Amino acid sequence: MKKRKFTILGGDKRNVELARLLMEDSNEVQTFALNDTEYYLPKCKTLEEALDYGKIIVGPLPISRDGKTLNTPLFSESIELERILRGLTEKNIFIAGKIGSHFLENAKKKGIVLEDYFAREEMQIFNAIPTAEGAIQIAMEQMDITLHNSNAMILGYGRIGKALSKMLQGIGANVYVEARKYEDLAWIKNQGYFPIHLKELDFYINRMDVVFNTVPSMILDEKRLEKLNANCIIIDLASSPGGVDFEKAKELGIKAILASGLPGKVARVTAAAIIRDTIYHIIQEREEEKWD
Amino acid sequence: MKKRKFTILGGDKRNVELARLLMEDSNEVQTFALNDTEYYLPKCKTLEEALDYGKIIVGPLPISRDGKTLNTPLFSESIELERILRGLTEKNIFIAGKIGSHFLENAKKKGIVLEDYFAREEMQIFNAIPTAEGAIQIAMEQMDITLHNSNAMILGYGRIGKALSKMLQGIGANVYVEARKYEDLAWIKNQGYFPIHLKELDFYINRMDVVFNTVPSMILDEKRLEKLNANCIIIDLASSPGGVDFEKAKELGIKAILASGLPGKVARVTAAAIIRDTIYHIIQEREEEKWD
Amino acid sequence: MKKRKFTILGGDKRNVELARLLMEDSNEVQTFALNDTEYYLPKCKTLEEALDYGKIIVGPLPISRDGKTLNTPLFSESIELERILRGLTEKNIFIAGKIGSHFLENAKKKGIVLEDYFAREEMQIFNAIPTAEGAIQIAMEQMDITLHNSNAMILGYGRIGKALSKMLQGIGANVYVEARKYEDLAWIKNQGYFPIHLKELDFYINRMDVVFNTVPSMILDEKRLEKLNANCIIIDLASSPGGVDFEKAKELGIKAILASGLPGKVARVTAAAIIRDTIYHIIQEREEEKWD
Amino acid sequence: MKKRKFTILGGDKRNVELARLLMEDSNEVQTFALNDTEYYLPKCKTLEEALDYGKIIVGPLPISRDGKTLNTPLFSESIELERILRGLTEKNIFIAGKIGSHFLENAKKKGIVLEDYFAREEMQIFNAIPTAEGAIQIAMEQMDITLHNSNAMILGYGRIGKALSKMLQGIGANVYVEARKYEDLAWIKNQGYFPIHLKELDFYINRMDVVFNTVPSMILDEKRLEKLNANCIIIDLASSPGGVDFEKAKELGIKAILASGLPGKVARVTAAAIIRDTIYHIIQEREEEKWD
């Protein structure tokens, strides 16, 4: 791939690793609002210098926590998103994660090319891997038995369900996957797991040693929690508000863990590499459209 | 599941096995236009009696080969589709495979409930398994080396690609999967295969020992065939007209095999069981809609 | 299996779980010198009563830490091994782990039937599973990248090597296994891993992300540690003194972890179940020899 | 590896492929008594010239079918083994398969270095792979159902059992493995298959769809055959006389297939590559012993 000039703007340790990985690929990289203490990456002195430097400007994930200022946990000052917009031109391509609609529209009005990498399907698919490994790590830490030969159920067969089921099978668990659609159930059987239709869930759930939820709606409610055996561990991977009645679980003495944002937590460098690959795809596609 | 009355109408040995499997599940079954010599299944004397017997009437796959008469390879007389329509009432549900639009419309006009099981996604997904096994069987028969430790490429990552890649990996092949979309490529990597973007295909194809095509367009054209090593085997699983320039392959001395309709050929009973399960799903869904 | 009378004598939480598991199988169980606070297991008042109760007496693993007294971390008083010997008769079978030769001989002189479950091959094989899972858990906790798609090397292809390689492959790592004998290397290739002859180790080791050692001799010495890439994690699973120059590793800034006794630590209940199964095998074999 | 001079003497198509593979590795190769019609390999005119040419002389597998003359299916004349012995000197190393004790002793008397590659453990382990694939190919050809989701039992957990169980699991079969020793049963469970103790065999065998025998003693006798379901396929991979009562099976209408010598039949080139690798190992070991 052609070498390019990047500016990495704000963000947490993932952006530090991202900058390093981009440099390893022989790109030219400057950072701003990212005081790393590990690699002493090249830094611009001002935001303006930073925006002027890179053709491709990469912001944090999420771009902002308050909707107004850049997400800069490794920087002492606060940077208004508006200031960034003012510094960008039509020659830039601005890439960040979870870009709000307000920023998006303002950018478009100015003719700025921008893209949310977190919205891309392949990023979500890649992220399913560190999420699945993180879930397995938590399960191993919490369970008194091995995953090997345990009964493990996954609720939902989306991206995380697919990655997690294959790994659990690879470790030697008996893998049950719950889904609603016959199509998904067919895939579950096709890939060698036990398909459980939502209707059958109540019948099978009591024999599980661990349940991983990926469904973002209240699936493990009071009624189902009461059916679980006392040593069963629940790991909720669904995006907020999750699918577990945590209060009821606590009452019943069932260990239930809400696990979110696993990629950045359990595999920082992999998380950064996924962002890097997705950024490369974005650039490649734009170039094919003769953006360059 | 509730037991029911079925009439199996015409078809090949798959319908013989289907009738047997339905009986094993304690359903009441009669057949017509299906002279099996294996199980001596219960037979009706006339078409009218047959249509009168079952609430659920199951035809062949495909329902017809000429668009006018029922597909009855195991019966000496010919049965007009129109005659079947005349015998059906609103109380029946008629199920068959690859039902033409003409028959479909005529049935609808008469208020007859009918469904094409072959059009259902879960049937296609289930069929990917015997298709993948059939492809592996052919590869084993044709290759001078083991699949284990061989370089095997799959073109396309649809239903067959997904089933086949997992099995080949399970046998110990080095599995390369070609796709176009970054999303598919992400899945390919996620599941542990080597992702090959269509653009990179020319670079990798020469080191393959076997190539399975599932893409229904001319992907293995003259240019690519010339790149293949002389002992490489091609197995084309794409629906007609396939994706291989067979004439050119022959000219180059490359063994290329067009393999279609594998489920019925390599695993007759599994093929029938897939039809049975799909029929059950159809019935179940209709009952949920209070069809019963 | 026939139900029996067991006395569980001393030991840690594994013996608590063992007692519970034996009771779940409808055996009659009493404990002594094992003050559990979880299940309130039935307890004998005196050692003599305890030895009198069970036909099968199960001690701890290891039986003793000082060679003289029973290993009783959950009991406040100390129990001389000699006192146990005095209480046993020819009708008992005494089973414990890592029984010293002194105790063994004394018991034999008295005609007492005793067996060391830890010395049995199947126990060691079963223990390889929680050991492998524990190693994977540690790797996941320590690494900044996912195991999936990482380069993982296992030194040695014994019991732990075999269990660990399969699991790592199942998670999606690129698995390299080092061995010395052509026979082992043939198996490694046969099972789908990259075989690395000890002679080739120096050539491959620099590209690894994690190295698991199972060889109980100094294999990761200064010379090899210097070849490792800086982010590589070492997990030493070999029995003491292990196979890693830990001081040198520290000097080089390489994270090296000595992990021993994993089964009891990471999967207490599985560890107890393995002891239970091994005890059942011992009893079964003795009965076949008409011991009963 | 150092390049060398080889003479390939007699044998079938495997030796043709072996000669070709040795040449691909840049060795100098001449053949004798091996009239291939595929590659037109370099040929010596006389046996004497052939024996004089190569430092390493490679014979066929088996070396002889009658104990007196060389096994030369691709040559019209017959060559006495004695004549070969006369032509060899202490400078040669003679390698062949299944060398009889008579020839072996005569060679030793003359001080000739010779080795039987078929007797080496790693060759047997490597051969387990094409044997397992061949067995799977036969099962696929014979069964009316897919291996995926079928119940497959392997009798014995030796080399073939280990290779075959992993592949069958990889295809998605439910894999049951019978063994006698607790140690083997522990491994079977460890690797994720259902362990079946010989004593439990009668209880489980009736639910199998295919049984692969690797035990060279009458394990599938009349009593067990009667328990099998009628559609179950038996594939006997044990060395002669095998472990199946074939007459009784025929009587019961059960399909039982004796499959021997699979590597050469189903994967000629892989079989030759295995011989090549084993020959390289032999040479390497001898060189380490300063034979050179």
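Order of writing sets the chain letters: A, B, C and D. Residues in each chain are counted from 1.
One rule holds for everything that comes next: a residue touches a chain if its C-beta (ideal position, glycine included) is under 8 Å from a C-beta of that chain, and two chains touch if they have at least 3 such contacts.
In this text, all values refer to a predicted model and were calculated from it rather than measured experimentally.
Most remote from chain C, judged by the distance between CA-atom centroids, is B. Across the two candidate interfaces, B-C and C-D, the one carrying more C-beta contacts is C-D.
In this assembly, the C-alpha centroid of chain C lies 37 Å from the C-alpha centroid of chain D. Distance between chain centres (mean CA atoms), chain B to chain C: 50 Å. Of all residues in chain A, those touching 2 or more other chains are 129, 148-149, 166, 172, 189, 192, listed in ascending order. Listing the residues of chain D that touch chain C in their complex gives 120-122, 125-126, 128-129, 162-163, 166, 182-183, 185-187, 189-192, 281. Those residues of chain A whose C-beta lies close enough to touch chain C in the complex are 17, 129-130, 132-134, 136-137, 140-141, 143-149, 166-167, 169-172, 231, 266-270, 273. Those residues of chain D that touch chain A in the complex are listed here as 148-149, 172, 189, 192.
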